[in-house]
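First chain written, first letter: the chains are A, B, C and D, and each begins at residue 1.
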Amino acid sequence: MQLGMVGLGKMGGNMAGRLRDKGHEVVGFDFDPELRDVASLSELAQRLEAPRTIWLMVPAGAPTLQTITSLTEVLEPGDLVIEGGNSHYVDDRRRADELREMGIGYVDAGVSGGVWGREEGYGIMVGGDPRDVTRAEPVFSALTPDDGGYVHAGGVGAGHFVKMVHNGIEYGMMQAFAEGYELMAASDIVDDVPGTFDSWREGTVVRSWLLDLLVRALREDPELEAIRGYAQDSGEGRWTVQAAVDHAVPAPVISAALFARFASRQEDSPAMKVVAALRNQFGGHAVTKAADDPARTPRS
Amino acid sequence: MQLGMVGLGKMGGNMAGRLRDKGHEVVGFDFDPELRDVASLSELAQRLEAPRTIWLMVPAGAPTLQTITSLTEVLEPGDLVIEGGNSHYVDDRRRADELREMGIGYVDAGVSGGVWGREEGYGIMVGGDPRDVTRAEPVFSALTPDDGGYVHAGGVGAGHFVKMVHNGIEYGMMQAFAEGYELMAASDIVDDVPGTFDSWREGTVVRSWLLDLLVRALREDPELEAIRGYAQDSGEGRWTVQAAVDHAVPAPVISAALFARFASRQEDSPAMKVVAALRNQFGGHAVTKAADDPARTPRS
Amino acid sequence: MQLGMVGLGKMGGNMAGRLRDKGHEVVGFDFDPELRDVASLSELAQRLEAPRTIWLMVPAGAPTLQTITSLTEVLEPGDLVIEGGNSHYVDDRRRADELREMGIGYVDAGVSGGVWGREEGYGIMVGGDPRDVTRAEPVFSALTPDDGGYVHAGGVGAGHFVKMVHNGIEYGMMQAFAEGYELMAASDIVDDVPGTFDSWREGTVVRSWLLDLLVRALREDPELEAIRGYAQDSGEGRWTVQAAVDHAVPAPVISAALFARFASRQEDSPAMKVVAALRNQFGGHAVTKAADDPARTPRS
Amino acid sequence: MQLGMVGLGKMGGNMAGRLRDKGHEVVGFDFDPELRDVASLSELAQRLEAPRTIWLMVPAGAPTLQTITSLTEVLEPGDLVIEGGNSHYVDDRRRADELREMGIGYVDAGVSGGVWGREEGYGIMVGGDPRDVTRAEPVFSALTPDDGGYVHAGGVGAGHFVKMVHNGIEYGMMQAFAEGYELMAASDIVDDVPGTFDSWREGTVVRSWLLDLLVRALREDPELEAIRGYAQDSGEGRWTVQAAVDHAVPAPVISAALFARFASRQEDSPAMKVVAALRNQFGGHAVTKAADDPARTPRS
């Protein structure tokens, strides 16, 4: 089928390539003139036959919001917008309501797989009205692997909600491997840490794609000497914890993984300054006598 | 090669079966007369040609300790004991020292894979002196999958140490999936939780054997109605946390997963009684006036 | 000074009583005719001299929002609203903007101390424009203890923000005592758990008001037999974790305390069902052979 | 009464001073000739009338063990050793058994209060046989505050066990304050963080000695600029987590506080290197095609 793709960066560009390989017609727009087929969103709208299907693959937040606003000026009733970026599911719901009033459909699609997806297919999780979703199924089918990787999880927002949860789980799994690595590296008992991870790829309970990637990383750099222990977080981990709190769901592992990333980015921890200051106070330096103390002595 | 197998339960029996399928000669002993080839450890020793190799697959703790003690009475210098159960790595080291004085070798082998291992092969992690380990390699090779699943991780204890860490990681991964499941189930936005997990088996970052197993479980029972939220822990999770503490390694995810299991087994939580009691005290029921209070009023 | 008090429940009623004891004139409104001095908000506005000061002490959320909306119909430019309930600091900021357009001032006041405050004074944390705050200082002064308990923490929202953080800290402290209690109770080594807590009230690092309350609770019920391990959370704990996530602040202790409360209220844990189901799958019951398996066998 | 004090450092010296102030006769030994009354343990034994009472206040571990061994050579049946340092409760039990065979009593005493104890009294938690404990009560009474601070918690080991738990609770409380501080400092909404903590000293739920100390620290250095976020741990926190794991007691808060200290001491986190390496692998740099990959591509 025919598809407009807005955003032709690493993800959008690879997805457009995979779709073309599978026989779909993709007309792409990007701010970078090198990457795009059309020079503007209005030209994009003109090039596509109505009813149009437009896939958004731009950064979350303001860029996505602005692109949707601009699109509403060039789209017509009956057209369909697929938000494939990392929007928050609550934003999806509000936007879908706004577009529905203009007669424009809205589907949210969470996309997993990173740079590997071009070859292996992406995991695609979709939320939206069944009619809208059905209409775009040829696209979803082309993007996913041959034998799976696709779910229509629920109404608008459900796609990004489950993608968010997927990433929260991913945080927990990564941190679990990370803690295991550190413990083996810290002990003096394990002579071959990379070989141990490699052996786990067959026959064990922890075999997984993340383990495969970790083995790759350890082959390139067995002690990870070239890598700093500094980890960004991309938003979905935070949203997962906040959604868990909203729903009164205990999420100790996902939150611990998120907090470990926060801490990894701090040069000095304000919290641990407090702990150090308190240790300092009761441990021996604060020998000012109670009577002289401008701070009233406790319980005196 | 020829191997004595002590303990022919679910794990030991399956392993003996796989070894025989691969052409090895296994002489088995178990307390259950139905399962065994020989009626005693001394008969086992007589049936095996020296130097003997004996694989132990009995419950951890006292049973393993007693079996080793009994074995020392029937084995000779040059024989080799492979402890394939779930011993603690510190116990391995002590036992290896004791056996070495008798001229008997000791190798510890962590085994992963559960009931699936008979067909697919086990993950085997080995610790021990290189000569002892080399001698038993035909056995390890037959037990593991064709293209991996084996590591000689270090000296005595290293096999059980990395198996322990493996299980700690496994705890964290399981809890990550569990939290994600609960959040999706608690929300009113996801219509198809089992289908979402199924879709994740292809193309996503979280694809893994545990995910495959979870999909199987959800096919059998989509809302897990027949299962109580009650989870045992098998020892390795505890040891992982304790080893992390010993080595000053932060392990927030693995410990959170362990504590969630502890809590799942409590009918009522003593800790949460304290929280409830405190809320009760400051929240409004404890209106005894300060002056009447046998407990001295704070800071009055 | 003269003050209107809206909401005369346990907190509002006690605060009105304390203010009157300290010589202030309080005109109170409540939906309960037994408690109130005036029968409506408009009568309240008539009874107070302009410029009026109105203290709100009604449940957070919709009741507070509706009361403010109703108040705007009877108040005049120059009047001042003090929101003393448990509003979220972001809501404070939005409301203050709306009231400012009508010429009405808005101050948010976090109140701590529970039922003990009537006698001992409340902790009061205030956010707002300095002129508005200064105007209400006689009220704050009467509500707080003689020698402290008051802070003007910042602009609108700051009062409820620091009250929220106070409660987050409180959650962590309560859980710390709770874990310590459970560990002592679980061991067979401590003969006198209540006496141990009692001894800690003097000379130790953990001495605190919460400890005093715990000692009271243990005097009434040394093994907390009459109390279920079931703990509500009041909103501020959740907001603290969400604010920490928003600000990329690691909050492992406060979040762990919150999650423990969530878990305490579950009859059965969906997450732990998943853990149990996974253990079930790899542990021995799922012996369907790979070839027969409708779920594709992992990595076969 | 008459007491031998071994170890006259900051803690032992202050305690000896307090005991003398209260009328007790203290004969002190230390390796530092400046501090001691007698030059050797045997001289100490000679100077004390039988039956002797000796209080040990030396560093935990080897120094305590060696001192006890040396003492057994100069003490006689009927004498009593009080171990006031930070021994592990399991070590106490083993030592008490050994001393009992020589007719020497053993009492373990956990001591809290730091440098403030000299003036205000120490919290003292005691484990041991009732006859031994009773005999030393005049000493305990002199060391503790006038109206509390003392508990005989159980048999040998119980004193150090509850002191260990006390410190675990202390870890959790400190971390709770620390997280609250960091959140307030990270927000742009709180103008007066030190003043907020100060206000909490009256009327609030979190009022406590640790809060008093934090207020002191913030008066000296309102933004804690002179302090690095680097916190040691002293052993008891680790033991508390390990004891919790041994007893299947969930301890998420105490363990989180401990792990935060571990992390604070790392220049670079090996675990977070793994997280960063994994993000690197799936995020876009690892574009080696599957077919060229020496690491078998997952599920290809």
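To be clear about the criterion, a contact is a pair of C-beta atoms (placed from the backbone, for glycine too) under 8 Å apart; a residue touches a chain by one contact, two chains touch by 3 or more.
Since this is a predicted model, take the numbers as computed values, not measurements.
Enquirer: Compared with chain C, which chain's mean CA position is the farthest off?
Expert: With centres defined by C-alpha atoms, farthest from chain C sits B.
Enquirer: Which of the two pairs, B-C or A-B, is linked by more C-beta contacts?
Expert: By the number of C-beta pairs in contact, the winner is A-B.
Enquirer: Over half of the interface residue numbers used by both chain A and chain D, so same, or under half, so different?
Expert: Same: most residue numbers at the chain A-chain D interface appear in both copies.
Enquirer: Go ahead and note the Å separation of the Cα centroids belonging to chain A and chain B.
Expert: For chain A versus chain B, the centre distance works out to 32 Å.
Enquirer: Taking the mean of the C-alpha atoms as each chain's centre, how many Å separate chain B from chain C?
Expert: Each chain's C-alpha centroid was found; their separation is 42 Å.
Enquirer: Could you list which residues of chain B touch at least two other chains?
Expert: 114, 120, 147, 175, 177, 179, 182, 186, 202, 205, 207, 209-210, 248-252, 256, 259-260, 263, 269, 271, 282, 296, 298-299
Enquirer: Per the contact definition, I'd like the list of chain D residues that touch chain A in the complex.
Expert: Per the touch definition, chain D meets chain A at residues 10, 114-116, 119-120, 174-175, 177-179, 181-182, 185-186, 209-210, 212-219, 221, 224, 227-232, 252, 256, 260-261, 263-264, 266, 268-284, 286-287, 289-290, 293-300.
Enquirer: Report the residues of chain B in contact with chain A in the complex, numbered from low to high.
Expert: 89, 112-114, 117, 120-125, 127, 144-145, 147-155, 157-158, 161-162, 165-173, 175-177, 179-180, 182-184, 186-187, 189-192, 195-196, 198-211, 240, 243-244, 247-254, 256-257, 259-260, 299
Enquirer: For chain A, which residues count as touching chain C in their complex?
Expert: For this pair, the touching residues of chain A are 147, 202, 205, 207, 233, 238, 241-242, 245-246, 248-252, 255-256, 258-260, 262-263, 265, 269, 271, 282, 296, 298-299.
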